[in-house]
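These are the structures, in C-alpha cells.
Two complexes follow with chain A in common, the first pairing it with chain B and the second with chain C.
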Partner chain A sequence: MAVFYLIFQRLGQAALVAFVLATLSFVFIQILPGDIALRITVARVGIDQASALEVERIREQASLSRPMLLQYADWMRSVATGNLGRSFVSDRPVSEELVTAAGYTFRLAIIAWVLSYLIALPIGIYAGLRPNGFLDRMTAVLGATLASLPSFLVGIGLISVFVLMLRWFPPAGYRTSAHLVLPAVTLALSLLPASVRIIRNAVSEVRASFYMTFARFKGLTRFRAFRDHGVRNAAIPVVTFAALQLAFLMDGFVVVETLFNYPGLGEALVKALLARDIPVIMGCSLVIGTLYAIVNLAADLVVVKLDPRRMESAVL
Partner chain B sequence: MRQRTVRAWIGTSCFLGAVIIGLPFWLPLDATSQNLQFSLQGPSWSNPLGTDHLGRDVLSRLLQGGPRSLGIALIAVGTATIFGTTIGLLAAYAGRWADALLMRLTDLMLAFPGILLVLLLAGLLGGGPLPLIIGIAFSHWPQFARLSRNIAIGIIQEPQVEASQIAGLSPLLILSRQVLPLVLQQCVVIAALGIGSAIMTISALGFLGLGMQPPTPEWGAMITELLPYLDVAPIQVAAPCFAVFLTVLWFTLMSQALADQAANRVPT
Partner chain C sequence: MTIKFLRRMVLATAASALLFSAPFAAAQSDQEFRVVQAFEIKNFEPKANGWRFRTIGITESLVVSDQQGNIIPGIAESWTTSADGKDWTFTLRKGVTFHNGTPVTAEAVKASFEKLTPTSEFFSKAPIEGIEADGDKVIFRLSEPFGSFLSYIIDPSVGVLAPESFDADGKVVNLISIGPYKIADTELPRSIDLVRHQGYWGEVGKIEAIRLDSVSNPETRANIAAAGDADLVLEIPSTSAKKVDAAGSMHIVSAPLPRVMMLMLNAAKPQFSDVNVRHALSLAIDRAGIGAVAMGDAKLAANQYIPPSSEGWYFPDFPPLRYNVDEAKQILDKAGWVPGTDGIRLKDGVRFEGLLLTFPQRAYLPVTAEALQAQFKEIGFDLKISVGESSLIPEGQRDGSLELALGIRTMVYQVPDPISTLEIDFASDEVPVGATGSTGWKSEKLRQAVQDYQSTTDEAERQPLRRVIADILHQELPVIPITFSDEKWAISNRVQGFVVDPVLQSWSLNKLSLKD
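Right after this comes the complex of A and B.
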C-alpha cells in the first residue's frame, strides 16, 4: 500500500516541478531585456532580411502583442493538452522535435550509463577487496582527478586525441554508431569516480563484516563466501546509487551533446536558449524536469524493493 | 596533526587567493586590447602563454578571468550555505509541522535538476554575474538544509541542550553556541565541493556561450573561442583548461582534508 502512496506522492512532485518550470520560464521571458519578436525574426530569416514589416508579421503570428495574462493562460492550457506550440525558428511542432531529441538523448544516456558500470564494477570490486592496496590508492587519486574535470574538458581531450590525432572517430554528428562512441565515453567517465567509490566502499564494508568472517569459518572459500553472502548485501547501496546516477546524467548531457553536436534534448535546449526560441525552451525544460522526477521515482522504487526498511525514509 | 593539515589548507588557500586577486593590480595585464597582427602567436617574453585569435594576451585573460569566476562561486555557495543552514536549523529546532513544511520545500528543490535552473536563469536573463549567483545559490541550498537539519536533530536531543533549555537560555543562543559549530563543521565539507562544482558550472556555461559575455575574460568562454584553432595554438587552449582543472582539484582535495578532520574529531 505504502508503495502506491510513494508513487502517488512522487508523481505529484513531478507535476508540481513541471508546473513551476512552465511558470518560471514564462516569467523569465516576460522580464527579458529586448524585443522578442525581433530576435525571432533574426533567428528565422537572418539579420539582413529582418525588416520592420517582417518583425510585425511575426509578432502577430506568435501572438506576442496580446496581454501577458492571456499569453500565460494560453500557454498553460496548451501544455495541459500536450500541445507545446511551434518552434519560432524551424516552425515545426515543438512536441515533434522533442520526441526525436528525447530518443537520441535516451539512447546516449543508457549507453553511457551501462558503459560506466562495465568499467566501474571490476575496478570497484577489486579495490574494495584489497582496501589500501595499490589499485585502491591509484583509483582514489585518479578518481579525484577525474571528478575535478568538467565533462567538456574530458570531451575536448578525447576529441583531440581520438579525432584529431588518431582519426579513429568522426568529429561530431549522429549518423552512424561511431558518432555515439566519444559522447558516451565522455559521459561515462563523468559518472565513473563516484560509482567506483560507492562500489569500493560497499564491497570493503561487506568484506569486513561479521557474517563474512562467519562464512569463512564455516569453511567456504573466499569466492563462495563473497558470491553467496557478499554480493547481495553490497548490491543495495550500489544499485541505489546507480539509479540516482541516471538522474545525474542529465547534468552532463547538456554540455556533452552541445560539444559533440549530438541532436538530443540538451543540445536543443542550448540552441533554443541562444536563439530565444521560447516554445522550444519551455518544452525542453518541461520534458527534462519531468524526466528527472520520473527517474528519481524509479530510483526510490528500486531502493524500497531492495531494502524495505527504507520505505519510511522514502515516503517521508 | 589533522588539525594542522586543515590549517595548512586554509592558510595556503587564503595566500593563493590573495596573490591571484592581487596580481592584476601588480602586473601590467591587458585582457581586452586586440592586435590582429599578432594573433595566435606562441609563447614569448611579452606574452608568456601566447596570444589568442584576436591577438589578446592569454595570460592576462587567464588571470583576470580567475578572480571573477572564483568570486561568483564563493558568493553563490556562501549564500547557499547561510540560507540552507538557517532553514535546516529552524526545521530541526521547531520540529513538527515547520520541520515537515521546510523539508518538503527542500525535497521539491532537490527534485529540480540543478543545471536546468542555472541554464534557464543565465540563458534567459543574459550572462551577467547576478543570474549565475542566483542560479547556483538556488540549486545548492537544499543540500545544506538537508544535511544541517539531520545533524542538528541529533545534537538537539543530547543532554547538554536540554540542560541549557532548562537553564533558560534562548533558542538563538543554544542554536548558535551548541548546534551551529558542529553543523558547520560538516557543512564546510560540502561547501568546498560546492565551490568546485560551481566553478565547473560557470565554465561550462561560458563554454556553451550562455555565461559571461565577451569581451569579459572567462575560462570556459576562452576555451570555446580558441577551440577552432586547437591545432595551431595548443598552449592557448590548454592554459584555460588547466586553470579550470587545477582550481576544481584544489577545492576537491580541500574538501577531502576537511572531511577527514570532521570524521576524526570526537563529537561534542
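Right after this comes the complex of A and C.
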C-alpha cells in the first residue's frame, strides 16, 4: 500500500514540477530581450523571406499581442484538455514533435546508460574490492583524464578513428543501429568516470564495514560474503546515482546530437529557444520535468526494494 | 534474492536497450542516392521553403532561369506582353502533368497563383489586378507596367501547385507540383524521399529515387563527405575542403556565389554620417587578407557591392575598393577626427567607436569581425563586437540603435535579378528583416532609378539604370563590401553530370547519373 502511496505522491510532484518548469520557461522567454514575433518569423520562413508584413502576420496568428497572462491562461486551458498546441515555427502539433524527439533521446539515453554501467560495474567493483591496487589507481587516472575531456572532443576522436580511418561506422544519422554506436559510446564515456568512482567507493565502504568482517568471521568466503551481504548495501548509492545520470540524459545532449545529427530533445529545445517557439519550449519543459520525475520514482522504488527500511523516508 | 533481483534489473534494462534500438535495424541501400543539405525543411509552406523545393526539383513555375540568369520557357512554352506592358500572356505546353498525373490546365495554374501570391515576399510586389485562364493561356493583368515581371514570376513561393495541394482554407498540405522529382515520403524536418516524375515536361531524371537529408552542422556535413556517406553534400566549410578531397570518396567542386559579406553602418550616427568617413573605414579594410584567412581565397576580396556572377550588374570599370591605411588616416584628419590620448579619435565630443553585431551561423563572420577590430584600431576607431542572434540586427535597424553590423546578402536567391534585393535593401522605407541593407541612409536618386528600372522592359533603358544604381552604392557606401563568397559542394566519385548553378536556381538533380 505504501508503495502505491509513494507512486501517487511522486506522480503528483512530477505534475507540479513540470508545470512550474513550464511556467518559469514562459516567464523567462517573455523577459528575454527582442521581438518574439520577429524571431519566430525568421525561423519559420527564413531570413530571406522575412518581411515586416510577415512579422505582423505571425504576431497576429500566434496571438502575441495579447496580454501575457491571457496567453499563459490559453496555454494552461489547452494543456488541461490534453492539447499542447502547435509549433509557431513548423505549425505541426507540439505533441507530435516532442514524442518523436523524446523517443529518439530516450532510446539513445538508455543504450548509452546501459553501456556505461556494463563497463563501469565490473571495473568499479574490482577497484572497490582492492582499494589502492593497480587497477584502482589506473582507473582513477584514466577517469580524471576522461572526465576532463569535453564530449564533443571525445566524439570527434571517435569519428576520426572509427569513421574516417577504419570506416566501421557511418559518420552521422539515426536510421540504423550502426548510427547509434558512436553517439552511445560518446555518451557512455562521459558517464563512465563518475559512475566508476561511485561504484568503487560504495564497494570499498561496504568491504570495510563491520557486517562484512562479521560475515568473514562466520566462515564465508570473500565472494559469498560480498554477494550475500555486500551487494545489496553497495547497490543503494549506485542506484541513486545511476538514476540521476539517466535523468540528466533525459534533457537531451545537444553537443552529441549536433555532432552526430541525431534528432533528440536537446537539439529541439535549443532550436525552439533560439526561435522563441513558446509552445515547443513549454512542451519540452513538461516532458523533461515528467521524465526526470519518472526516473527518480523508478530509482526510489528500486532503493525501497533493496532496503525496505527506506520506505518511510521516501514517502515523506 | 538480492543478486537475483539485481540480475533481473540488469537484464531487463539491457533488453529494453536492445528493444529500443530494434526500430533502427533497417539497413540503408547501397543504391540509395543521398543528398545532404544544410537547411531543415519544417513544413510544405512554399513561402518558407519554396527555394529549397525549387532547387531540389519539386516545384517549378511557368518559366525557369538558365545558369546565366536568363529566363527560358518552363511549362509555358511561350509568352507575350501587351504594348503597354500591363498584360502578360503565357501559353502552356500540351500534355504536361502534375506529380499526381492530372493535367496542368490554365485554370489550375490560375488557382495556384491566386492562392500563393498573397503570401509571397517578391511576386506580391508585382501590381497584379487579376489573373485569367483562357484555353491554354494564363493571363496576368497588371495595373501598371512591371519590367521585372518575368524574373519575379520565378519566385519559388509561387511555384505552380496542383489543386489537390491545398486544403479548404487554401493552406498547402501536400506538395504536388510539376518539377522533375516528386515527394514519395517525408520525415520532416529531417528528410524527404523523392522519386522521379515520369511526366516531367523536360529532361526526366536519370536517377530514380533520391533521399534528401538535412544536416545543419557544417562539420558533420564535412564528416559525411569525408566518409563518402552521400552522393552530393552541399555547403562544405572551406576549412574542411582539403580533408574531404584527401579522403578520396568524394571530390570538391567550388564556384562563386552571388553573395557579398558586408559591413553595415548606421549613417544616422555622427561617426558614420559623413560619406568621407565611410570611405576612410573602407580604406582601412584589408579585404585580401580577410578573404585569404576567413574565406580561404584572397581573390574573393570585394571590389564593389554586387558580385561578378550577377550578369549586367557588375561593372569592371568601377575604381576598386582599396586598402590604404595612410590615406584613411588623412581623410579622417581632414574630417576633424582627432586622435585622443588612447589613440581613439574624437570629434565634437563624439568618440570614434561603435558596437558591431554579427551572428555565428556563418563561421567566417566572427573571424572577420575580429580582423576588422584590429584593422580599424590602426586608424583610431574602437570597434566592439557582439556575436549573437541575427535578428538583433533588424531590431537595431528598426529602433535606430544599431551602430554597425556584419552580415551577408545573397543577391538572387529567390528571383534571378538582383533588383529584387536591392529594392528591399536600399529603396524602401520598410526595414529589411533579414539583417541586410542600409540604415539611416536614403538616396532619392537611387529610389528613382529603381522605380524607372521596374517600370520598363526595354533592355536599352534598363542597362544604364543598373549602372546608376550600382554607382550610387559604390560612391555612397551605405554598406561597405568586404568579400564575395564561394560555395563548396562535395560530389561522390560515382556521380556524373553535376554542374554548379551560379544563380542558385536549381541543382539540376534530373541531369545527374551514376557512372557504370
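By definition in this document, the second predicted complex is superposed on the first by the 264 of 316 C-alpha atoms of A that agree within 3 Å, B and C clash if a C-alpha of one lies under 4 Å from a C-alpha of the other, contacts with A are read in each partner's own complex, and residues count from 1 in each chain.
In the analysis below, contacts are C-beta pairs under 8 Å (C-beta built on N, C-alpha and C of every residue); 3 or more make two chains touch, one makes a residue touch a chain.
Everything numeric in this text was worked out from a predicted model, so none of it was measured.
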Touched partner set for A:L180, first chain B, second chain C, both or neither: second
Chain B versus chain C as contact partner of A:G12, first or second or both or neither: neither
Touched partner set for A:T258, first chain B, second chain C, both or neither: both
First, second, both or neither for A:G133, with chain B first and chain C second: neither
Touching partner for A:V114 - first (chain B), second (chain C), both, neither: second
More chain A residues in contact [chain B versus chain C]: C
First (chain B), second (chain C), both or neither touched by A:L164: both
Partner chain in contact with A:L269 - chain B first, chain C second, else both or neither: first
Touching partner for A:I281 - first (chain B), second (chain C), both, neither: first
Shared contact residues on chain A - chain B and chain C: 164, 258-259, 274
Chain A residues touching chain C - in the complex, by the definition given at the top: 34-35, 38-39, 41-42, 44-52, 54-55, 89-92, 106-107, 110-111, 113-115, 117-118, 159, 163-164, 167, 170-177, 179-180, 227-228, 231-232, 235, 258-261, 263, 274, 302, 305-306
Parts of chain B lying in touch with chain A, wherever the complex brings them together: 103, 107-108, 111-116, 119-121, 123-126, 196, 200, 203-204, 207-210, 220, 223, 227, 230-231, 237, 241, 244-245, 248-249, 252-253, 256
Chain A-touching residues of chain C, taken from the complex the two chains share: 2-3, 5-6, 9-10, 13-14, 16-17, 20-21, 23-28, 39, 42-43, 45, 47-51, 121, 157, 188-190, 213, 215-217, 219-220, 223-224, 226-227, 229, 247, 389-392, 394-395, 410, 413-414, 430-431, 433-435
Complex contact set, residues of chain A against chain B: 13-14, 16-17, 20-21, 24-25, 28-29, 31-33, 144-145, 147-153, 156, 160, 164, 247, 250-251, 254-255, 258-259, 269-270, 273-274, 276, 281, 285, 288-289, 292-293, 296, 316
